[in-house]
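In what follows, chain A forms one complex with chain B and a second complex with chain C.
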Partner chain A sequence: MAYYLEKISQTKGHQEILKQIDLKIEENEVFAILGPSGGGKTTLLNILAQIDQPTSGRFYGDNDAQPKGILVFQDYRLFPHMTVVQNITFGLKMRHIPKKARLARAAEIMKTMGISDLAKRYPDELSGGQQQRVALARALILKPKLVLMDEPFSSLDEGLRLEMLNFVKQLQQQFQLTIIFVTHYKNEAYLLSNQVAILIDGTVMQLDEPAHLEQAPANLAVAEFLGQANFIPGTWIDKTIKTAIYQGPVTWHTAKKPVTPTLYIPFAQFLQLTVSDYPAFKAQVLDHRWIGNLERVTLQVGTTVLSVNLPPNAVTTGESYDFYFKQLPVVY
Partner chain B sequence: MSRKVIQRSIIIIIFALLILMPLAVIVFLSVGQQWHYPRLFPGSLDWGYYFRQLTTNVELLSSLRASLLLAGGTIILTLVIAYPTAIALAYYTFPGKRLFSVCVYLPLIVPGIALLTNIDFMMIKYSLTGTFFGVICVHTLFCLPYAVKLLVDNLVLLKNRYEVTGRNLGASPWQTFFKITLPLSKPGLQGALMMTYIVSMTQYLATLMVGNGNYLTLSVRMFPFTQEGKYQIAAVYGVTFMLVTLVPLFILDSLLNRQRKRG
Partner chain C sequence: MLTKKKLILLLSPFTIFFCFVFVSAFIKSIVTSLGYYPLMGLKTLTFKYYMTALQDKTFLTTSLRTFCFALLSAGLACLGGLALALVLQRSTGPVGRFGFKLAQLPVMLPHIFVILALLQLLSQTGLVPSLLVHLGWLKGPQHFPLLVNDPLQIGIILTYLWKEIPFVIVSLMLVLRSLDRRYSAVGQNLGASKLQIFWHISLPMIQPALLNAFIINFSFNFGAYEVPYLLGNPRRELLPVYIYDFYVQGDLTQMPLIMSLNILLSLFAVLCAGAVLYLSRRLPGGHLGGLK
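So, the complex of A and B:
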């Protein structure tokens, strides 16, 4: 079974929050919706959770006319007046499941989540990671087909974030879940999901695999959102571009040739010191810093300063080098 | 002791005296004997006098009963009106909401005597004067602003986040109300209840006018005594009044504190 979002639009007041969203989400898939804050991510999630009604369009499944996702909120929203076990069994209680069965299922899910010893505690006695596990348990005890997660890891610190990310992945396989999650951290999206939809200004600007997203953003808005790139404004001279650092042939991924071209140079995988068919520019190295297995090198060309990622110890500060594009440079 | 501590202690002592001295005077008045000028303190204290009054004075006991009954009725009526109003004001948007939320405070803004004479007129028209319902209606009118304000502040603090969560987990609207909204409003409801209780207990003019003299509450009975110079009996009423307002307040407050400590 797959889920379909068909021309979903949402208008609040005079503001168009979502514009004709069309998406298909396969069963047992982790689907990421990535975008900046205020792009309509949470609104979309609320519609899928039936908390909000779209102005137009519909959300349906192959054999479920009105699928309802169980939403795990960014701030977890554990009921403050209930203990952990009361929180977890809330959904079952509302469905009038007998107490004995409720508690048995709660014990089982708490064991899976590793929170059995927290049963009697109140939410304000838990750490962020524990609260998230309780929130997940409260959703998963209902055996949902579709789980929605709103910025699930953004309030956790770095170490815990990776741990929870792997844990969610493991749960997804164990419970055969379809997970739709929204985030504004691209790394979270890439780590958890093979299909990422970029939602900016209420529009799905691109739907792609992580690697392809980075290499070929659909437009300038996506490229700018993904960041980790230099944007150099330029002008057209016939079919070549003229910018402060580079003059020569370019290509573009957009349907039409951009009117005012912006040269797109991502930090990674675009510039090299090895000679290629596409000479770029001569630049002086201002600085180079260790960022894991690469170096972030700051370059100066004339008055323009830009950054690229290079292998360690490839350059020396103060020296000038000839740089080459790996392929024909791209403009937006 | 540092200067700061001394300064703070002095301020606290001054405030304590400002509050406690008038209270002490009332207590002394109610139990003191032969307290005449130029004596600073009563000649003797007869603690039994107050308790004898409390157990034997039929008028005092009937006033106490009337006060408590009216306060109880007012609390019920006020909360029945204020709670849904507060939910509407806190959770929903509707045209004229701002105007409406200002109107809630009108009973406190419009001069009481103007309001009361007109209300009395209306009450006569609907033959509500002198009835229990008529009196608690007027009390409710003066309690609503406080109750609505306290409840709205409490609800706005939580927004409807938990209600939304409950609905998503499958609760019906009624289940959501009883399992989530109501328990989470407890601090607001307790505050509103207490405020209503105090405001109702202190209503003098409204009780007298609309009650047609059928409801001689503590504050209604107390007033003539002070005017006639019967200070001792007035003080007995005063102490009783303070006890029945302060003791429940204290109990409720300590209950709330205990809950907070748990959290």
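So, the complex of A and C:
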């Protein structure tokens, strides 16, 4: 069953939090909503969880006029006065499922989650990762078709984050879940989802695959949010752009030609030392630092300083090099 | 952040005062209650005054009456305070804010103010009966029900409720505000009705604060003197009045007995508080683990 968000808007006071959101989420898909804090992500999830009502628009499924997603909260919100097993069986208890059946299902789900030995503990006696597993178990015991996750990994440290990310992927496949999750970490979104919606200022600015998002942000707001790029202001001279580091032809992804162009140079995959049809600039290397498989190189062109990612040992500090764009550069 | 030394230094005036005045008075009372009262030549430690007190029918009847009355007043205050706190918490606008400010007012006013107000308003010569007679709704002030110094102690209960309902409201509002809607939203999403959210989530979370307020109210009601003295019925006096009347009679030979009564009253109040705390820890909400 696919889910549809149709022109969902939310206004509180005089503030428009969500503006005409249109999205389609396929069945058994992990769908990421990526955006900065205060962009309306949590409000949107609350609407999908029926905790909040939209001012206008509707959310529906193929076979369900009013689908309700079960939400895993950012801070987990385990009931502090209940043990792990009481937290997990809370939803079933509210549905008046007999205690024996509740406990049997809880035992099953706790085994899947690897938390069987925590049944009698209270939330304050659990680590962050354990709390998240309990929160997931509390949602999954209800056998929901749609699971909503609000910044699910933001409270976890790096190692645990990757572990939980893989665990959620595994659960999604095991339980055939449709998951909508919101995050402001793009790496989380890229690792978990093939479709990412960028939500900024209450508007879905772009809906795309991760690779395409990085290569061709729909506008300056998306490009700035995704970060890891240099933004060089410029002016138009006929059909070419003039900036402090580059003068020449450019292209743009926006519907209209930008009035005040900003040259967009992502750190990765845009500049190279190999000669191409698009010469960029001559720059002096100020610094280069190891960042895994690549080096983050700091360049200086005149008074402008910019960063790029290059293969290890490709440049030497203090030397000057000619740089080339891999493709026609983009302005916003 | 206060250092340990600074904290000790800041607390020392109170601690010294407490140790010298309260603790020494308490020890003196215990020693006297055990029969050691050299002023009257009594120097042998004995439990006989406690035994006498516990065999005194008037003392036992008065104690039971005081217990029931304190329990009823504190219970009513908790129920009323809980209901009003929930109403005020839902009224997030200016009306709710004004209501909360208004609720704080009686907490600040002394009991004597309320006692005098009640006497002026509700005694048979008070303002309300006069007004009703004036309006022709009563034939005479003697037909107005006895609400002050009455056998059912209604005047005392009204005075306590006037102070204690607002106290419960203030205590609970602080917890309710920290909870806001966070946990209700979880309950709602997991399929709980409004009643289930209240019963399974909100009530257990405010239970410790509610029972703490109950303990404070109960202990006060059980041991307070001036309100039952001024508004109570002399034929059905309450324990603090009974003990104090005994004390002011000035018979120094009775001092060990009076002190044993006093210690029994205190012990009973402490035991009741302990029992309620024990109950609170075992009820849902007894383990909150530092509410986040």
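Throughout what follows, the second predicted complex is superposed on the first by the 332 of 332 C-alpha atoms of A that agree within 3 Å, B and C clash if a C-alpha of one lies under 4 Å from a C-alpha of the other, contacts with A are read in each partner's own complex, and residues count from 1 in each chain.
Keep this in mind: contacts are C-beta pairs under 8 Å (C-beta built on N, C-alpha and C of every residue); 3 or more make two chains touch, one makes a residue touch a chain.
Please read these numbers as outputs of a predicted model, since none were measured by experiment.
J.: So, on chain A, is it clash or fit between chain B and chain C?
T.: After superposition on chain A, chain B vs chain C: clash.
J.: Could you tell me if A:E319 is touching chain B, chain C, both of them or neither one (first, second, both, neither)?
T.: In the superposition, A:E319 contacts neither chain B nor chain C.
J.: Could you say whether A:D277 touches chain B, chain C, both of them, or neither, answering first, second, both or neither?
T.: A:D277: touches no partner chain.
J.: Which partner does A:D238 contact after superposing on A: first (chain B), second (chain C), both, neither?
T.: Neither partner.
J.: Which partner does A:H81 contact after superposing on A: first (chain B), second (chain C), both, neither?
T.: both
J.: Given the touch rule stated above, what does A:A49 touch, chain B (first), chain C (second), both, or neither?
T.: A:A49: touches chain B and chain C.
J.: Touching A:M94, do we find chain B (first), chain C (second), both, or neither?
T.: In the superposition, A:M94 contacts both chain B and chain C.
J.: In the superposed arrangement, what residues of chain A touch both chain B and chain C?
T.: After superposing on chain A, chain A residues 49-51, 68, 70-71, 73, 75, 77, 79-81, 90-91, 93-95, 122, 124, 138, 142 contact both chain B and chain C.
J.: Considering the complex alone, what residue numbers of chain C touch chain A?
T.: 182-183, 185-193, 196, 200-201, 204-205, 284-292
J.: Which positions of chain A touch chain C when the two form their complex?
T.: Touch list, chain A to chain C: 46, 49-51, 68, 70-71, 73, 75, 77, 79-82, 90-91, 93-95, 122-125, 138, 142.
J.: Quick check: in the complex, which residue numbers of chain A touch chain B?
T.: So the residues of chain A touching chain B come out as 49-51, 68, 70-71, 73, 75, 77, 79-81, 90-91, 93-95, 122, 124, 138-139, 142.
J.: Give the list of chain B residues in touch with chain A in this complex.
T.: Going by the criterion above, the answer is residues 161-162, 164-172, 175, 179-180, 183-184, 186, 262-263.
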